[in-house]
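In what follows, chain A forms one complex with chain B and a second complex with chain C.
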Partner chain A sequence: MILELTTTSLVEWSRWQFAMTAIYHYMFVPLTLGLSFLLAMMETLWYRTGKVEWLHAAKFWMKLFAVNFAIGIATGLILEFQFGSNWSNYSWFVGDIFGAPLAIEGLFAFFLEATFFAVMFFGWERVSRRFHLLSTWMVFIGSNISALWILVANAWMQNPVGMEFNPLTARNEMVDFWAVLFSPTAMSKFFHTVTSAYTLSACFVIGVSGWFILKRRHLEFCRKSILLASVFGFCSILATMFTGDLSARDITRTQPMKLAAMEGLNEGGKGVDLTLIGLTVTDPALPSDRMYRVKYGIALPNMLSFLGYHDFDAYIPGVQDILNGYVSSDGTEYPSVEQRMANGRMAIAALKDYRKAVDEGDDAVAAQALQLLRTHFQDFGYGYLSSPEEVIPPIPLVFYSFRIMVGLGFLFLLLFVVAGWYAKKRKFACFRLIPYLAIVCVPLAYVASQCGWIVAEVGRQPWVVQHLMPTQVAITRIASGWVVTTFWMFAVLFTLLLIAELGIMFAQIRKGVKGAE
Partner chain B sequence: MDVMDLNMLQHYWWILVCILGGVLVFLLFVQGGQSLLYTIGKEKGERDLIINTLGHKWEYTFTTLVVFGGAFFASFPLFYSTSFGGAYLVWMLILFCFVLQAVSYEYRNKKNNFLGSRTYEVFLMINGYAAPLLLGAAVATFFTGSPFRLGVMRDVEWMTPWRGLDALGVVTNYFLALAVFFAARTLALLYFILTIDDVNIGVRSRRQLWFNAVPFVVFFLLFLGVILTGDGYAVLADESIEPVRYKYFFNLLEMPVNTGLLLVGLFGVLYGIIRTLSSPLWRKGIWFAGSGTVLAVIALLVLAGFNRTAFYPSSVDPDSSLTIYNASSSFYTLKVMFYVSLVIPVVIAYIWYAWRVMTRKPMTRQMLEESDPKY
Partner chain C sequence: MFVRLWHIYYDGFSHLPGWGKMLVVIVLLKLFILFVVFKAFLMPNYLNTTYTTEQEKSEHVFYELIQKP
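So, the complex of A and B:
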């Protein structure tokens, strides 16, 4: 093997460290993405109408925004550098493609955010109203551009496009920047993520307003905030559902194993049903304990085929089909995983032979090895697997996360409709259930977001780069003790900071809205 | 492939990395200021003033660090994988202390902040001391080398279990670490003198300037002296890499423009410091010393990477050393990133504008009291 398989404990700890940082990071990011839009809207309304209530509202939400913003930046820094520190083999293998979006993100987005955040937060007395408004919009634009580039990078790992493997440098090199940027995976991922973040932000604003309503405080402020947020949230959740559908169709083609895990689908076929709810259970009759069946499922007939291909009769492979090899609905033939592992091993051996031949100046052997490598490169990563079952991700985790995310999405849709009506009609004296529902939806929105990431990231295991690089060879060779140490260092620090963040948030909310009745 | 162009882009991107590095070191004045929090701020009102003036700028340092990392990743990914993966502990400590900083400004003065104001001030002090020292030591290894070896897939193997902390065993690294540390403090004092209108802080800052500017200059010259008279890792005619006596000194002679840049930078730094010390009413020292620092750091990093020099040498296996030629991205990626880099003047322009409007008048106690929100 060219890259050594490292010890399980190192792989596991490296994964835990990245997952922990990502989970913490994504507790703060979605609010930044969406609340910045609401801030900008409120300030615009103030600028246009001169109604000072909008200014008070903007200033109130801005303070909460700032508390959340700082810790989002802090966790993001760690994530960026972890690609190098904990995943250094990955960083070289695909750095030629993956580094560019990260640098662009920094240059185009981070400076925009940092510069205009300071103006937005401290500039009320220092700059003109117009320039201040512009700054607030820039914070929104900056944070969303940043989301674009990091999701382009993430999407590329799920569906590597626009690149070629260079055997001399032993890495993948970018050949088409636009293919990387505008890959359908990148686009659906970006829009799905940001619209879901807007949804979360709308839930946050409605939830906090709901608390004020229960306390009979700032009712007019609450009405305005809820009206704005419920319209925004309603549009956002519909867009989230639409882009989620696009994303699922993309996954059907590019990551069928992830789809099979999301559905707990062991044996596929034509006209496959869509499971709404059910339980995943192991079955001794199945050849591997990584395989599951769905029991007590309630399903919509033929819907999965329809969602995947807009054809009620389309073929969708299950876990077993992918292991055995299958012909997809668009006619592509996929060999068995066993075969792909053999191909991968051939590709790895060919790479070794090629490098040796180049060193020795043997052109004929080099050309032959290169030919072999090219033929089998698409299965390169399979060469590192030791058994076919390794391509199966943890099914129950993906299956349940997916259902929680989708189910909560429908709950939020209901919330936005009800809350909008409630605020519009000023029903604050009755229907106490609605503000309670709004408050409960705040943590649930965070749960839904995290579940979404679990589906995306656990569902693609064992791949760091789909088909090309499995997780266990992507990591840095280091004594696992160091990774354990830094894991706890960051876990403790982030937890302390999260507690502090929540404490400050609650105190700020309790303090109420300055200037509002 | 057009080799001439690849070569040009590798140099172009190294210059950009050098510029980011220079700006980063200048912006470490925020950290320098944090380390002086209790030296200059004797009571809470003074500390509030210090934190609020630094608080408008800390995100620039932070963002520059992130972009420095991102730009290195995009243009020289082998450095990213080798150094961050190899010198793991040093980078982790640097990141850790920056996390401490990121929340502290915002949380320090807030009600119900769980850890108490004092803790967040300690966080700022830790970041203030550790970040310049560790970054200085990390950059010093660009000259003194690190114990690593690269495998067939360019995978890094670090030859000591200390993963980067081994840099602390090399005396020369301390010289640069201390130079960066005292530079950050010197710049912070000049920044206070410009941006805070408070008698006590002004007097203390000018007095402290002596105790920080002198060690800064001494340690910087010591570091320069050691590397100019020692070995540097050079790419030889047969593309192998070996230590060569006086390599950096030859680089000085062979790249006169860069040497000029270094001298202009040093002159700017000295002018800013000496004039501040000699004329009690002059407050613009930060502009001279700051731009001087940027130029000097750029020149130093150019010295490390240009003229067929290995910018990240391996002390155990010279042929594993990273050069701007073997560590760079592909021609295509560098070209894409070249077009991306054309946006830099726009970024600089709006930062400049925002910086000006936000720092138009020096901060006074009264202004701070009236401003809402504040840190």
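So, the complex of A and C:
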């Protein structure tokens, strides 16, 4: 009992620490991904037209980009440290596959980005215009390639493909690099994440410009920045919605429990409605206290089926269906979770038997055990679960995060249309509500981004590697007090970094745009 | 090319404005805290510091995988 409590506490603290550092880290990332594109566009416009206003705009936004880049750089390393210290079983289990994309990211994209960043920031008078422009574009490309490798690694955890488990080393080995890189999960995750980052960056540019408009400063600079950002933001939010649709279709097939949690869907069926808004409430009549009922819901008829399979009558399983076992719309039969738990336990026992047989030189038993392990390996992680209900993620958190993310997406779409019109028509003397809306949308863009990650990561609980490794198996058996201590140290460090970033950034914004009217 | 890049870095850092210098100090402090304090003392790689060979690491994780249920 005491051991169980200690382990639970260790698992929870390790999860909290990872979640907290990931959330803080992702406060710095999206602006780097998108603002670099806007910088490159502004500099290109200056290069092509010779209009000095674009140069002033590029230099101003580059200053804010530099603050964000410098404060945010290497914050992601803490996550990698945690893999080694708190998640050693996981690190070993996935090492070859997870390590490869991260190594490529570290060696190639990061150094590409860091080298050209120096030329971009310091090289205005020191290199040719053409080379400077190239460097700015390379910063954009480098930062986005960095994101690709990280998201490929993350996508593999959500949908492990292109690997084979080696029972002698107890780790997965990559057998098909291209399957890992181009899995539908990796592609939809990458494009959805970067386009949402572009949306956030557009909100940032429009929001800061909105503040200048309220102060009646740099109006022509604001006009140009808003026009460019609103077009970029409009295209980005449409792309985010499109890639979100791709992601939803992928989740329907690979992580149906996440989809059920996003919808608070207990009993599925054909032609399932999509809940727009509603309240998740507990209901003693439900078979598990991890299940919730949606009350006061407003729904679009048959839309969840359409989103999942582009078919209004497609079958979508609910939480209870997944627990009981079901046949998906594409005809695949999924056994009950209880059956999968039995399969998982057989796979774990087969792993044990295989190693024992290999040590004793009993080839016949080894071959038999290996066959059994391979047959049930797809359910390996279920063998560690104590009850079927453990596969249900925290439904209210996923349900509300999803709705906040989508709702804010539509708000940003409205912002880009309105702000574009506002700047084009030079309506700065009236419609004061628009710059206020733009300012409010800056923090809201960060909220939407974080909600997206909460849906992705909390929605896949209890798995660190889908179906293969649950969270409690992934951790290192270290004292939970140690994890608590480092949790608070990270919290302090990141909070200080965030305060520093905001302080320096606000000071630079207040100083205004050098050279602009 | 490397000499030129070095000059860009050197001149750039030499002529940084006040806020830029502050950023450099923050970055250096952060890297010190990350690599010296956290990586070396608080968050060492558990498998690398506890075991020396790949075989030992593998044995440990194997034992964890078959013991956990």
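The rule we apply is simple: the second predicted complex is superposed on the first by the 511 of 517 C-alpha atoms of A that agree within 3 Å, B and C clash if a C-alpha of one lies under 4 Å from a C-alpha of the other, contacts with A are read in each partner's own complex, and residues count from 1 in each chain.
Quick note on the criterion: contacts are C-beta pairs under 8 Å (C-beta built on N, C-alpha and C of every residue); 3 or more make two chains touch, one makes a residue touch a chain.
Everything numeric in this text was worked out from a predicted model, so none of it was measured.
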Clash or fit, chain B versus chain C on superposed chain A: clash
First (chain B), second (chain C), both or neither touched by A:W92: both
Chain B versus chain C as contact partner of A:A479, first or second or both or neither: first
Partner chain(s) touched by A:G123 [first = chain B, second = chain C, both, neither]: both
Partner chain(s) touched by A:F182 [first = chain B, second = chain C, both, neither]: neither
Touching partner for A:I104 - first (chain B), second (chain C), both, neither: first
Chain A residues touched - chain C or chain B, whichever exceeds: B
Touching partner for A:I348 - first (chain B), second (chain C), both, neither: second
Which of chain B and chain C A:G383 touches, first, second, both or neither: second
Touching both chain B and chain C, residues of chain A: 66-67, 70-71, 73-75, 77-78, 81, 84-86, 88-89, 91-93, 115, 118-119, 121-123, 126-127, 169-171, 352, 355, 476-478, 486, 489, 493, 497, 500, 504, 507-508
In the complex, chain A residues that touch chain B: 2-3, 63, 66-67, 69-71, 73-78, 80-81, 83-93, 95-100, 102-108, 110-119, 121-123, 125-127, 131, 135, 166, 169-171, 173-175, 177, 352, 355, 476-479, 482, 486, 489-490, 493-494, 496-497, 499-501, 503-504, 506-508, 511
Complex contact set, residues of chain C against chain A: 5, 7-9, 11-13, 19-20, 22-24, 26-27, 30-31, 33-34, 38-39, 42-48, 54, 57-58, 61-62, 64-66, 68-69
Residue ranges of chain A touching chain C (in the complex, touch as defined): 66-67, 70-71, 73-75, 77-78, 81-82, 84-86, 88-89, 91-93, 115, 118-119, 121-123, 126-127, 168-171, 345, 348, 351-352, 355, 383-384, 472-473, 476-478, 485-486, 489, 493, 497, 500, 504, 507-508
Contact set on chain B toward chain A in their complex: 56-57, 59-60, 62-63, 65-67, 69-71, 73-75, 77-78, 80-86, 88-89, 91-92, 95-96, 98-100, 102-103, 105-107, 110-115, 151-158, 161, 163, 329-330, 332-333, 336-337, 340-341, 343-344, 347, 350-351, 354, 357-358, 360, 370-371, 373-374
